[in-house]
Amino acid sequence: MPLPEEFHALARKVNNWGRWGPEDERGTLNLLTDEAVRRGAASVRSGKRFPLAIPLSQNGPQVGFIPGRINPIRTMISLNEPLTGDPTQVCFSDDIFVMGAQAATHWDALAHASYDGRIYNGFGSATVTAAGAARCGVDKAGPVAGRGVLLDVARAKGVERLDGGYAITGDDLDAAADLAGVAVEPGDIALVRTGQMRLLHGGDRMAYLYPVAGLSLRSVEWMRGHDVAAAATDTIVFEVYPGELPDVELPVHLLHLVEMGMTQGQNFDLEDLAADCADDGVYTFLLAATPEPLTGGLGGPVAPLAIK
Amino acid sequence: MPLPEEFHALARKVNNWGRWGPEDERGTLNLLTDEAVRRGAASVRSGKRFPLAIPLSQNGPQVGFIPGRINPIRTMISLNEPLTGDPTQVCFSDDIFVMGAQAATHWDALAHASYDGRIYNGFGSATVTAAGAARCGVDKAGPVAGRGVLLDVARAKGVERLDGGYAITGDDLDAAADLAGVAVEPGDIALVRTGQMRLLHGGDRMAYLYPVAGLSLRSVEWMRGHDVAAAATDTIVFEVYPGELPDVELPVHLLHLVEMGMTQGQNFDLEDLAADCADDGVYTFLLAATPEPLTGGLGGPVAPLAIK
Amino acid sequence: MPLPEEFHALARKVNNWGRWGPEDERGTLNLLTDEAVRRGAASVRSGKRFPLAIPLSQNGPQVGFIPGRINPIRTMISLNEPLTGDPTQVCFSDDIFVMGAQAATHWDALAHASYDGRIYNGFGSATVTAAGAARCGVDKAGPVAGRGVLLDVARAKGVERLDGGYAITGDDLDAAADLAGVAVEPGDIALVRTGQMRLLHGGDRMAYLYPVAGLSLRSVEWMRGHDVAAAATDTIVFEVYPGELPDVELPVHLLHLVEMGMTQGQNFDLEDLAADCADDGVYTFLLAATPEPLTGGLGGPVAPLAIK
Amino acid sequence: MPLPEEFHALARKVNNWGRWGPEDERGTLNLLTDEAVRRGAASVRSGKRFPLAIPLSQNGPQVGFIPGRINPIRTMISLNEPLTGDPTQVCFSDDIFVMGAQAATHWDALAHASYDGRIYNGFGSATVTAAGAARCGVDKAGPVAGRGVLLDVARAKGVERLDGGYAITGDDLDAAADLAGVAVEPGDIALVRTGQMRLLHGGDRMAYLYPVAGLSLRSVEWMRGHDVAAAATDTIVFEVYPGELPDVELPVHLLHLVEMGMTQGQNFDLEDLAADCADDGVYTFLLAATPEPLTGGLGGPVAPLAIK
């Protein structure tokens, strides 16, 4: 069944096609201007660092619902192997790994989602082939760094963790920005905290996977209106799931990735960062989060670092 | 045959075992203090960004000399697959990849090299098993960010590229620091440019691989004396190869990784950054280069970003 | 805690070390003599064929209990790609796959199991390294073909499927041979049916995995006494699980692989073959089941074929 | 440029579309009737066995010309790991591997090649997707066993190895059948020896790869006329390469796979078998060569066994 008019109306409102030229493949990452990056660097005060990636291990959050999107498997190709044959000289241990590009902490490439034959900026979805994304792959994202803003929706609502299925609205984001005492500016990177990561920390993968609080249709205009450069959450789905409209699956993905060209991140571990922000009341920081440049990649693993 | 006394004498001089406690697994990354990170952030002036990772693709620099250390292979697990069965609704393209952890731009874990049964801080090399590095794996590196300093040895020598096999000395590093107008301070991260990456850009993988200019035994005390937090180069070997001593393979790896506990990086693409530094005469920047946290990993892919 | 004397007594009785010389790496596969193979070929009457491998797909039986032993993932590396650029000429679709060597239908290499520092024939377990099995790897198995005998224990017991945890004894095997009207001879290959595969066919992977009917300590002397060349079952564990002795895990593996040097197979789909045997009363056939020759492999995928 | 009329004329002559019904996905493997299989079993006289697969190792024949078609990499996921924590009890060593499905000894799936939007039996080439071959995948091949006939063209020509680029004709096949003293019958499986494998044995991978003697356009009618069930060679390309027609790449692949639906095999090691056939003058045998049933696979690794 076709997408409802409600969706299409919203799509028209937030669409960014052509905004950065007909050949643009970076979307809202273009908002990461020199000035925006300087604003990020100026946020550094103490020098404290918060790494936001979850461990790359077989105990990752994937349980097989998406075939092929496997947790990282890392195995040895050599083990203290003496290069000269003599173990009193140099010995090396090397490894190899295989993982789903979207399995752990990652940015979705803009080409990750399509509908009606189109990806961001109107490129045909057929530009994605067995060889990967010829257009809007994660290798086109380029540097991702700027001012990060923690929007701790859970804390703003006074809970440790939003209920699974809670639909975050623009008002919720405003409340979180108020709590942070921050005016979100064009080119900021929004880290939206639901608290869902606590479930993964607690070892309950199934609960982490479903149901999931997340950004809703009622938050999309907020993101577009604030000209956020990118957004990431502490969940595996990013948007609220199950969603708000019957018979419509993951519409926020389409509005962000396809219509707005806004890169979105998943499985960001915001717990330590959030505790520190709550502690010192400072919710802005330099965020350095350049994805691995997988040529033609539909997603890119990233080891984001927040520096306060 | 045993390592020569010359090596052991140098090892005693630069050894850091116990310096950060008997359980330490991070070595000189401990020098990345809050203060060092603030110094890095303070280096940001224009906001210009320089990504330093080479593309993750099958055209990477590996040619099979190290069995199993394969260039990245990324393949599709779904291709514009309609989630609901209806292509006018959301469709996803996902991918998976496999690669040698040391195949592209990466940091070596301290556990990557051993000799005589020991890795950094005196841990037994048997702590590396089929399950990976129980000690000093790349997952123990934590955040890597601070002030980066480009030591453009090639430019300081007045050449586009050092000859393959050129052995970089402490004097060369001093000359590069002089060119940069920088006093290298404890906790800085040194990016040592040889120009070798030009060969990879030119498509000549074999020339890129061998012979290689790089850090030599005569540079190790310099690194230890300046208390550099980490060092990376634009080559695949990192140290000069072939090396300086007959019958001794890769001694700088042992002195850096095992004795000093200094994390070292390889295949950093420094060309654009170096051109800009030559242009504006500013050779310092914030370097954000946290590796992918592969649990037990002997190396970690990294997408380093220099922000000037 | 040490293995009980009961185990060691049995080990002494069935041990084959040295039987085929001190350098032997094939164990009971040596019993597949020309004569035994001719007996297999002579079993062919109708020419009907029964493939015994389960599909290599992500829907395989692995659910993650053994980290890294993943179900096969097969992805495309090219998709109708025109070799000359012109799709009216030849186009190719190619693929790549990754899987646990023991994930689907496979033979265990003799080196797969060890205890007390020894594998089959007294080789040190340290001969297995990060590079694989230097001794008794699956690449040493060589051709596996001979007369197969279906020992349908479930049918002999009058059930569709043995209860999970049922411990198959030598008497059970005798009863199954009686049902088959076959005298098991030296060099025969025994396919022991429990009916457990019906659970996998029915889609219940967890039930397929645990508990499992299988060969027990009380069947080991039977195998040794009949000089079976190899044995395979329609389960994932091969032996009964949970086992018979408290605090002793998988002792039959040790007795078969280490003591006897008897290659054992898992996840053989015997359902169609068993139905046909029940139908025509003929339980012998030519079995062709040479494993993929993975150099140094601890297990080898196999696509066994029974020809009646 | 379009394929020449010469090609299309040949295509019309050998086409098998519809011969086994409109839904057929097995092509000439349908010729492996019970009778043909019995003929194969009846070929067994001595019981001698000849395994025909090359080792699955990183030293395989792939050198990177076909991106992603990598030689097998097998790494350990556990290494003598004590299941109970006690190494005097059972310890396991397990492994995992990744390889191109067409990298070593394999059968091409019929869906491996397409042209002009069609695969075998007129199915659309779009039936091959990121999920693999929905039609004519290697999982549809089913059992492959029957009478094998060695057609030792090199020996019939009186050479150890045909020159690279030699185009094998129907007359050459007749001469090889004469040498063998065999009348090739419908449902036989033809193993065509060029001697090219000697180059791989000798360690010269580049020479093994190019140029290659092989089946030519002038052999296709012979295969169709004799109703061969499948054909395999001891080369990596299968057909002669470079080919016979200017501007036409690999036409024999199209005629075999697409038009005839004849499964073809590559990298079969025929050296030991050929030596034995030359020795005893017997060139027929039972061939058991069922591919690994990769669901949707475009090729299937196989460990073929010839039993004389």
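Chains here go by letter, A, B, C and D, matching the order in which they are written, and residues are numbered from 1 within each.
Methods note: a residue touches a chain if its C-beta (ideal position, glycine included) is under 8 Å from a C-beta of that chain, and two chains touch if they have at least 3 such contacts.
Since this is a predicted model, take the numbers as computed values, not measurements.
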item	value
Intersection of contact partners for chain A and chain B	C, D
Interface composition of copies chain B and chain D: same or different, split at half	same
Euclidean distance of C-alpha centroids - chain B vs chain C, Å	46
Chain D residues counted as touching two or more neighbouring chains	67-68, 70, 73, 75-79, 93, 96, 98, 129-130
Overall pattern in which the protein chains touch one another (line/ring/star/complete/other)	complete
Residues of chain B touching chain A in the complex	1-3, 33-38, 41, 44-51, 53-57, 66-70, 72, 74-80, 83-84, 86-102, 111-117, 125-126, 128-130, 132-133, 139, 142-143, 145, 247-251, 253-254, 286, 288, 290-299, 301-305, 307
Chain B residues touching chain C - in the complex, by the definition given at the top	73, 75-77, 79, 96, 98, 130
Chain C partner contacts - residues on chain A that touch it in the complex	58, 63-64, 67-68, 70, 73, 75-79, 81, 93, 98, 129-131
